[in-house]
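First chain written, first letter: the chains are A, B, C, D and E, and each begins at residue 1.
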Amino acid sequence: AHAEDKVVVFAAASLKDALDAVNKACEPEVGEAATISYAASSALAKQIEGGAPADVFVSADLDWMKYLSDKKLTKPDTEVKLLGNQIVLVAPKDSTVETKVEKGFDLAKLTGDGKLAMGDFKAVPAGKYGKAALESLGVWSSVEGKVAQAENVRAALKLVSTGEAALGIVYATDAYAEKGVKVVGTFPEDSHPPIIYPIAQTADSKDKDTAAFLKCVESAKAAELFKEQGFTVLAPSN
Amino acid sequence: MNWLLDLTPDEWNAVRLSIKVATVAMIASLPPGILLALLLARGRFWGKTLLNGLVHLPLILPPVVTGYLLLLTFGRRGPAGAFLAEHFGIIFSFRWTGAALACGVMGFPLMVRAIRLSIEAVDRRIEAAAGTLGANPFWVFVTITLPLILPGLIAGAILSFAKAMGEFGATITFVSNIPNETQTLPSAIYTFTQVPGGDAGALRLTLISIVISMVALVASEVLARRVGHRMDIE
Amino acid sequence: MTLSVDINHRLGDFAVEAKFASAGRLTALFGPSGSGKSTLINLIAGLIRPDKGRIAVDGRMLVDTEARTFVPLHKRRIGMVFQDARLFPHMSVAGNLRYGRWFTPASERYAKMDAVVDLLGIGHLLDRRPAKLSGGEKQRVAIGRALLASPKLLLMDEPLASLDEARKAEILPYIERLRDETKIPVVYVSHSVAEVARLASDVVVLSQGKVAAAGPTESIMQRLDLLPAEERGEGGAVLDTKVLRHDEAFGMTVLSSPAGEIRVPKLAMAAGAPVRIRIRARDVMIATERPAGLSALNILAGTITAVRPGIGPTVEIAIDCNGAIVLARITEQSKHTLRLALGQQVFAVIKTVSFDSATTGAGLPAEADG
Amino acid sequence: MNWLLDLTPDEWNAVRLSIKVATVAMIASLPPGILLALLLARGRFWGKTLLNGLVHLPLILPPVVTGYLLLLTFGRRGPAGAFLAEHFGIIFSFRWTGAALACGVMGFPLMVRAIRLSIEAVDRRIEAAAGTLGANPFWVFVTITLPLILPGLIAGAILSFAKAMGEFGATITFVSNIPNETQTLPSAIYTFTQVPGGDAGALRLTLISIVISMVALVASEVLARRVGHRMDIE
Amino acid sequence: MTLSVDINHRLGDFAVEAKFASAGRLTALFGPSGSGKSTLINLIAGLIRPDKGRIAVDGRMLVDTEARTFVPLHKRRIGMVFQDARLFPHMSVAGNLRYGRWFTPASERYAKMDAVVDLLGIGHLLDRRPAKLSGGEKQRVAIGRALLASPKLLLMDEPLASLDEARKAEILPYIERLRDETKIPVVYVSHSVAEVARLASDVVVLSQGKVAAAGPTESIMQRLDLLPAEERGEGGAVLDTKVLRHDEAFGMTVLSSPAGEIRVPKLAMAAGAPVRIRIRARDVMIATERPAGLSALNILAGTITAVRPGIGPTVEIAIDCNGAIVLARITEQSKHTLRLALGQQVFAVIKTVSFDSATTGAGLPAEADG
């Protein structure tokens, strides 16, 4: 079957496992499983701008969703804040680091000669959240020089799990499943802007199954599956 | 071996698609690759430096940038994309053809260089000898130059193929990562690396990718050796 | 053929400034190493574009820098044998040989594959690649390749230099036949007087890029001073004769020439066929009385018409034997002893065996001469 | 022109660093590149196919995978990384040296191919002639083979340099993106492309990257032409 | 030098099976195109590893497949002139010439740059690249390059084939001097009888990869049947003579030989110097009575010791002139007319001018002969 026949979803890569499970579960309701293209939110947004045949966009942050809605490329009434996440401080499994993540905690000392791995704090959502959190906790300036920015949050996690970096800031969803790291602490919810994965139908979307797909993704059944992967569900279940 | 080949249908499709994309990219690049290599090796014209730079561009630019430029140019709304779609019905955007275009473009500098080096090594006195026997420049090229540069052609083709098997940045940026349509092996591998516990899957696909490329590589070596044997320089 | 060349071309420090015309069938370019023979032949072939000048073959203007005419290489229908064989390394010998045929209209193909292969003795090499040939074999294949293109003008750059005498002796008659039967004009580079004298109707002598002399072979060969010192032994009179009869008993052929009958080892030619012979000046002795009891069979009576100093201790003596000029090269001492003088009646003595394949060739049929 | 050069200090550092990394990667790859090209072109040994495959690996693998493999091998805890750090004090992780290593590795197959093609085009009879004059194989290589393959060497070097100027995936995965230490131009460009509205910044850095590569390219062409002129095949 | 070869080597369909020993200073490999001359010289050089066999030079075992000895190419200290010049395209002519010096210990360098450059006439080419040389110039540079490596064994594969006679005549004496003065053993491939007869102390005749004959030049040259049909004219007696005196008045040199005095054009050699002359059989006439009034100056008396049929209508007659054998090639008809028979007293008549640079060379000093 050609991709055109199906609902086409452009989703941030970090959602793969969760969204794949939801997609499968939703097949009866929608009629046919959606085709999901996972890539960086930035790439997906630009592709939609370039005329991609996507019906649904799931971004890893609000910025890229806003980028499209500003250009009237999404249907504003369909935009929903779908999922939430947390960021955590991780260390290699064999690390002896222990701390509580709170205002003014001595992150610099904990990092020592090593590096603090996190997503690119200008570009990668997890990096942006991490930086904001460290700033609000008042420790940013002390560790800024020790930050190793990764291409994406998965790469940051790899740096920690291989012992390359002493510490890292990643999503809770990533940390739980990675055996090579241990979670040292969770950043307080209020230390950073809320971590939100918004979803919306694109302006060009014509596929009649799209509504059904959106409805299912926002359903309670889907919520269970998302929660299994460690996400918090923001959309009101219907 | 079993675990290696125990793939999901989508993964099988990625394998098939990668081979198709790499093969098409390689074959479609050959004619323009030969032409440009010839121009760069032999031509003397204004703007040659520029052309040379242009050919190398995909090497110099980060793949993501190349991908964006392709999107801007050959996308549905891009000038070339709109033109081709309207007049020839050729659509690249979010089709496997687009993946092939991206891979072809990324491998192009490698192919052109290999062919160009071979052309520059051809003894032009042999070509002149063919000319005295009545062959016009076109026939000289077909009957003398082309066979003599075959090893370089093969090297260029295999470089382009191998590059296509590994190309990811430009492809995913240009045509996204749509299963069964534009999800090549590298995109699939990328997707795996983006989820917790995806390493095993990524490794498996990586190994498959290596096996395919190795088969192509060995075939190219055998071919090149046979061609070379056939002609040990006089 | 008429070949007319008037060309200026510069290669680094070296300049070719050649102007000559040749109406002969086979024009030899003759001169020492580095005198510009290959350059000139490359200019005729169209491999080099001259700085200035004109080249015409049989009235067809190949290059004219003033008129901006330049017939490209592949349209000249030339067969070129290069000094270095330049075989196609990726083709078998057979592929090399067949190459030119593709580009020759079927109606104009006069060279026969089998005949050429036999002639050159390369039948056993047809499947071989050039890399696996010996030096002489390569050159033979190169000759074959040029011939099989059925060219309208054959350019040969020292084609026989790397071949042994036996092989040369087999190929020379073929080139003669080509010259005479197919009437293909030939330009032939050589540094061998023997080859030039035997084959050429016209000779152009080059020296440092310039034409030192040009003209019919007979006259050039008689001017021993034009020949390089070491080659003067090969120079001498060139006589055009006819087969008179064969002497089967002794395996001889008797030729008729204005100078009288000349006996040579038997030739495979019919009575009446034209034969060109070269009588090397160094092979001619002079006797003041008709010798007796001598093994030399050819004794021609004549009058001394010129005595010129030769190189070293020799003199060159021209003897007019009933209109045909025979040159003799003898020592000063002999001249002195025999008291030779202009106008004296003498006998030119020539051994029959001095006529060999290097000096006896198929003659140019009369109508083509000059 | 002014807007093009109106860079932040970090960006200037990225420019400087990219040039340094690309240059070091190119120069450091040359000796092993020549050696491997020689082995592949001339050697006859067991495992040649394997070696050939290994050399091509960085081309075949998605750059991210190459980056991971480098991380696993040359990282602080990787076997090679630990060994080198302990015995030679060479540390790659989070250093510009690591970026150079990544770039060198990514460009390696391109360099080896170019050099190998040139070696295969060398007339071995000329080398034999040098042997008869008393040159042992080492001197034959230095005085005959090396000068004859110079055009290929230059081509290989420029390919490696250009690749290093555009390499991003393996570098950022291996040594991440640390301003002034491992943030090369492609990393900086990547950052821009990931931010809405970052296009202008990305474009500016891309143009700078292109200009640098073009200068290198033109220089290589001039050099190759001069070398070539010096030696028109006999 | 002693060169001993006993080798088996296969190249496709072609097999070299050569076994010979030569104790001469200059060993010529002689044979038609494709007979295996280049292959054999490549085997001696170490460019090819033989399938089976041994090669030793002066007692030094270069290859012995049984003992698994193989002296590598660069340790053999050979100077090789290839049939194709094989110059280094990336070096100037000067660079090519100097190349071998680097690898020669200073104490063993006997070849002088200036002398060699002058000899070969390549002084004006030193800055040029090989691509800009003419065919003959390339070959001259190749000869110079080999000489300037000051080799201990010189291997030359048709070095003079692409040179004109004048140039050959200049280079031949140098090779002779090399052979005689530096005592460098030389192996010389040629298909020219003239070169072989003049230069070689020993000749190995190859035919289809096998040794047809091997031995000292004098004996090989007298066996005209060994020479290719077309080269027999060049064959004949080789006499080792001495300079007796010079005849300044007529510019002649008188040589003393067992057969009597022989007059040749003046040689630049001191009285007493050894001179080797070749008397081409075709240049010798036979007279039954001492001729008078004839320009030929050399008349040697002798006895017919052999009459052999020659090719075509000729016979070869050996005349014993006081121990020295002179060969004559005359027609059957002359033999018949003069009624020549074994044991008959006759006169061999030879023109002085038939001794030219191709037949007269510096002789081998006596102690080296054989």
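Here is the rule we use: a residue touches a chain if its C-beta (ideal position, glycine included) is under 8 Å from a C-beta of that chain, and two chains touch if they have at least 3 such contacts.
What you are looking at is a predicted structure, and each value in this text was computed from that prediction instead of being measured.
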Labels of chains that are neighbours to chain A and to chain D: B
Lowest number of touching-chain links that must be crossed from chain C to chain D: 2
Top chain pair, ranked by how many C-beta pairs fall in contact: C-E
Remotest chain, chain B as reference, centres from CA atoms: E
Between chain C and chain E, centroid-to-centroid distance (C-alpha), Å: 26
Centroid spacing, where centroids are CA-atom means, of chain B and chain E in whole angstrom: 60
Chain B and chain C: spacing of chain centres that average the CA atoms, whole Å: 57
Chain A and chain C: spacing of chain centres that average the CA atoms, whole Å: 90
Sequence positions of chain C contacting 2 or more other chains: 84
Touching two or more other chains - residues of chain B: 64, 68, 190, 193, 233
Per-residue multi-chain contacts in chain A, two or more chains: none
Arrangement of touching chains [line / ring / star / complete / other]: other
Listing of all chain pairs that touch each other, if any do: A-B, A-D, B-C, B-D, C-E, D-E
Chain E to chain D touching residues, read off their complex: 45, 47, 72-80, 82, 84-90, 99-100, 102-104, 129-131, 138, 145-146, 149
Of chain E, residues touching chain C in the complex: 11-13, 31-34, 37-39, 83-84, 124, 128, 132, 134-137, 140, 157-158, 161-169, 191-193, 228-231, 233-234, 247, 250-252, 263, 265-266, 282-283, 285-289, 291-297, 312-314, 328-336, 338, 349, 351-354, 356-358
Chain E partner contacts - residues on chain D that touch it in the complex: 125-126, 128-137, 139-140, 143-144, 147-148, 230-234
Partner chain D, residues of chain B touching it in the complex: 49, 52-53, 56-65, 68, 109-110, 113-114, 116-118, 120-121, 123, 151-152, 155, 159, 162-163, 165-169, 186, 189-190, 193, 202, 206, 209-210, 213-214, 217-218, 221, 228, 233
Parts of chain A lying in touch with chain D, wherever the complex brings them together: 40, 42, 45, 63-64, 66-67, 115, 117, 120, 122-124, 147-151, 155-156, 158-159, 162-164
